[in-house]
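For reference, chains read A, B, C and D in written order, and residue numbers begin at 1 within each chain.
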């Protein structure tokens, strides 16, 4: 048995320290992202979620220019952008999308400016590029503490506003009538979203931040329409995909030529995408199946009515 | 500023502004800003893949953009396609990393395609921009009414025979076409800003879709020209100028409309009686 | 009419910009040959050969900038438009220049690419050619030929300068030979393959896996195994020096750097463009000396400064 | 078009149709014809599948059983059909005037340069005139009130002179005066143009003056006939499968769970009661 296992797998998965850090930080980030992701997908704010990852990087390069810590540059810019997005105060999905686009475009413009200033003022400016794909297997132990702290804060905020958001998702006016501070709920949620996105982007990369925020939640909302259950499903899917992705990436080192291991971000994103596709296919197929299985008769009422007429 | 080497830059910028102004109106009307961001950025994977397989990066970029457009259009559900877009963008970027890793080569070229050098436009590129830009503008004009109908009143459009699904596919492809030609020249940032900012401002200001189109084209032309001029004067990056002016144009348009509404009436117009 | 106003506004802005620019055009009033080096080390070599006959502009000269994310400014484009001689690295390292050269096509411009001079295929994995002791003498020869073509009258002058330069290169090769003799098979770790040609020339054993170097260079994810290998190099002190690219850093490279410092591995700072105060040959020699110091006494050179 | 017109072929022919959505049978064994110029009301409470039936006629919902023929073709869509969905949410900032919306009803599905002739605009103005909304022509659609939007959308469905118009809850969210006005308008247009109208409503009373027949949906089945034929205690009791009482008070039909019925609870859940106070 062990022989077979040795034959299939390269071994050392659980004895490598980098793997443990990746599993812990990646799993935790996936958990936080999945919880925040459920409301993000429900509210149609995937674009904002993605934009926040890149906008955080703007803060990262800005912080670098000012000589401030990268971490706080990320979090600061992310939270600021999140509040701006919410305060612009557009509540229709289409307008929100455009507002996000405008803020996003402006943020990217700032990146270009920082790159330019970096050239003229003489600072290094590679950070913005480096962050895109992160490095799950080489996490700086220094970020683990702040990442966990921010993650807990983000989870707490989402839990705090989750009832309000559930009611608001149903109908904003009903929520208002029930005394829900819709505006405050939106701002708090956006802050929670920003924290979740920034910590994920900072520790494991912007691409994974988007995938782990949207993917598991989108899968969960395909499977169930109850919010608490959707959160659980999303967490299981998110953490599961992360662990599996880390494992495949680790193993691919042994089988790929020249030890060009498949990047962990690709593995995780691909698994998340496959999960989403399968829930979509499952839904389509099951709908078609019930249609084909035919019509369940509701007694013989129709006949009786026809006789009556 | 009008030195010989700048001529092609002016021409290319003008064409890109025309294309972005036209296509952008529908980006805004359909709420497709995310798509406008995702398609050019996701096509990075195509460039990386093409380098890996030894093909032309531009070809790879175009193919990836078209494939992304199709997949997003097919998977989108009832106008809600943001989750699908996000996932596909992440997948494409992930594939880009995979290709870069597998090739193990120096990969500046793949990233470089996303940045673009508006000051380094060659005649050969110009031909492509004109060609693809003309096709996408023609597509927008020919499909103008069905696109409008399906994006604003999808159910009624479906009832009168304009398929919303088909229009989504068509528009995504037009967007892919427009960006493939423009991004290697002006960069993903500049193209994205132009596709969203001036058209959004135009849609706030204009009363009819036709006028929105005209305002949008004028706005993006003005922004691009002004940006090149400012960049020439101050040496600030063109992309930054375009992004800033685009954002400012939208903010000014919203502020203007709000101020005008406050000045002209105390109540809201929709409280007026039907007669 | 309303649109007229918009267009008018745009034109006003455009004219404003033109006024700011002052419509400066690059002239050859000084009678010097206008030459451009894509990276400042190439510019320095042009200066060595051309001497008083050339006016050289270096495009990338800030050693603290990441050259990968470079965006051209209009001033630069106009300089390229009037340049008679351009020297670049090639191999995709200065890919932006390819576009700019196409965009600013002139009839009589000599473009010398280190890649072409060395007859390297596009698939060459390490683009940092100037660390290779064979590169610059060949490039310098080509520069001298190019300058002679532009100004045949100064042929002797250029030939003399070329000879001086080639002779000065021996300081670099001698330093390499000394190090190689003193520390054969020196074990080193690296971040990016920046100085790999130098390391190859001294017969060093680069312990960092190529896949990790490529991942850092390209900004992609490193694998767990490579990352573990790299850390082991420091923790179990398997290397005598850590060759660190000071110019392109990320959280990943700073992490390794901290680890190296913690375990007393000397750091050798290397650069992608020439640091201020150095000439090309001085710079190369300084790098070799830094490596030698690390190997001899375990002394770090965290910054090349003058 | 002429073939349909000439004979007394029905505009819509639904035979033994059933729809299954999300594993649930919405309704089954639904069958009726709609004649040219007929005014048909689809009546039932929320969730009985009225909108689904309209969509089935449009062809946007797949049938699990049976068939639906519209204007002689397998499914609807096209120029002889007008449609106003139940909820149209229009952003206030859309660059679109009322007349642009109506014009889309005429040529929105047409490919080609977006240039409109004077005759197109004349037809648009006529359609707006038909619903007494000429004065809204130049206003932004998103800034109109609910009733005004409803009028404009109605004009949009009428502008192509369709043989059949499908209206989903056109009377919801309207004040009583507007309801009367719109009903009268619909009845007049239907008569004048010999245009069939299928309209959904949860309350049949305002429509009584114009309705030719009703389709009463409840419990997954439909009862079809004139108001007198369907709005009867015995028919609705059979349809619901529990005692129902239909009372006519001052010409208004009131449907109540039968007093003292054993399972009032069951009726209460799905009953179509118009809870209006007796006048």
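Going forward, a contact is a pair of C-beta atoms (placed from the backbone, for glycine too) under 8 Å apart; a residue touches a chain by one contact, two chains touch by 3 or more.
Since the structure is predicted, the reported quantities are computational estimates derived from the model, not experimental observations.
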If you take the chains that touch chain A and keep only those that also touch chain C, what is left?
B
Hey, which chain ends up farthest from chain C, C-alpha centres compared?
D
B-D or A-D, whichever has more C-beta pairs in contact
B-D
Per-chain C-alpha mean nearest global C-alpha mean belongs to chain B
Chain B and chain D have mean C-alpha positions lying a whole-number Å distance apart equal to 40
Per the C-alpha means, the centres of chain A and chain D lie apart by a whole-Å value of 43
How many Å are there between the centre of chain C and the centre of chain D, using C-alpha atoms for each centre?
74
Centroid from C-alpha atoms only, then distance chain B to chain C, rounded to Å. What do you get?
36
Residues of chain D touching at least two other chains:
93
Residue numbers in chain A touching 2 or more other chains?
94-95, 112, 115-116, 129, 132-133, 258, 260-261, 263, 265-266
Can you list every residue of chain C that touches 2 or more other chains, as numbers and ranges?
68-69, 71, 210-211, 214, 219-221
Looking at the whole structure, which two-chain pairs count as touching?
A-B, A-C, A-D, B-C, B-D
Show me the residue ranges of chain B that touch chain D in the complex, using the header's touch definition.
29, 141-146, 148-149, 152-153, 155-162, 202-204, 206-212, 268-272, 274-275
Hey, which residues of chain C end up touching chain A in the complex?
62, 64-66, 68-71, 209-211, 214, 219-228, 231, 247-252, 254-255
Taking the complex as given, what residues does chain B use to touch chain A?
28, 30-34, 36-37, 75, 80, 82-91, 93-95, 97-98, 101-102, 104, 111, 189, 192-193, 196-197, 200, 236-237, 239-244, 246-247, 250-251
In the complex with chain A, residue positions of chain D that touch it:
18, 20, 22-23, 25, 28-29, 62, 64-65, 89, 91, 93, 219-225, 229, 234-235, 238-239, 241
What residues of chain A sit close enough to touch chain B in their complex?
41, 44-47, 49-51, 93-95, 97-98, 100-106, 108-113, 115-116, 129, 132-133, 207-208, 210-211, 213-215, 217-218, 256, 258, 260-263, 265-266, 268-270, 272-273, 276, 280
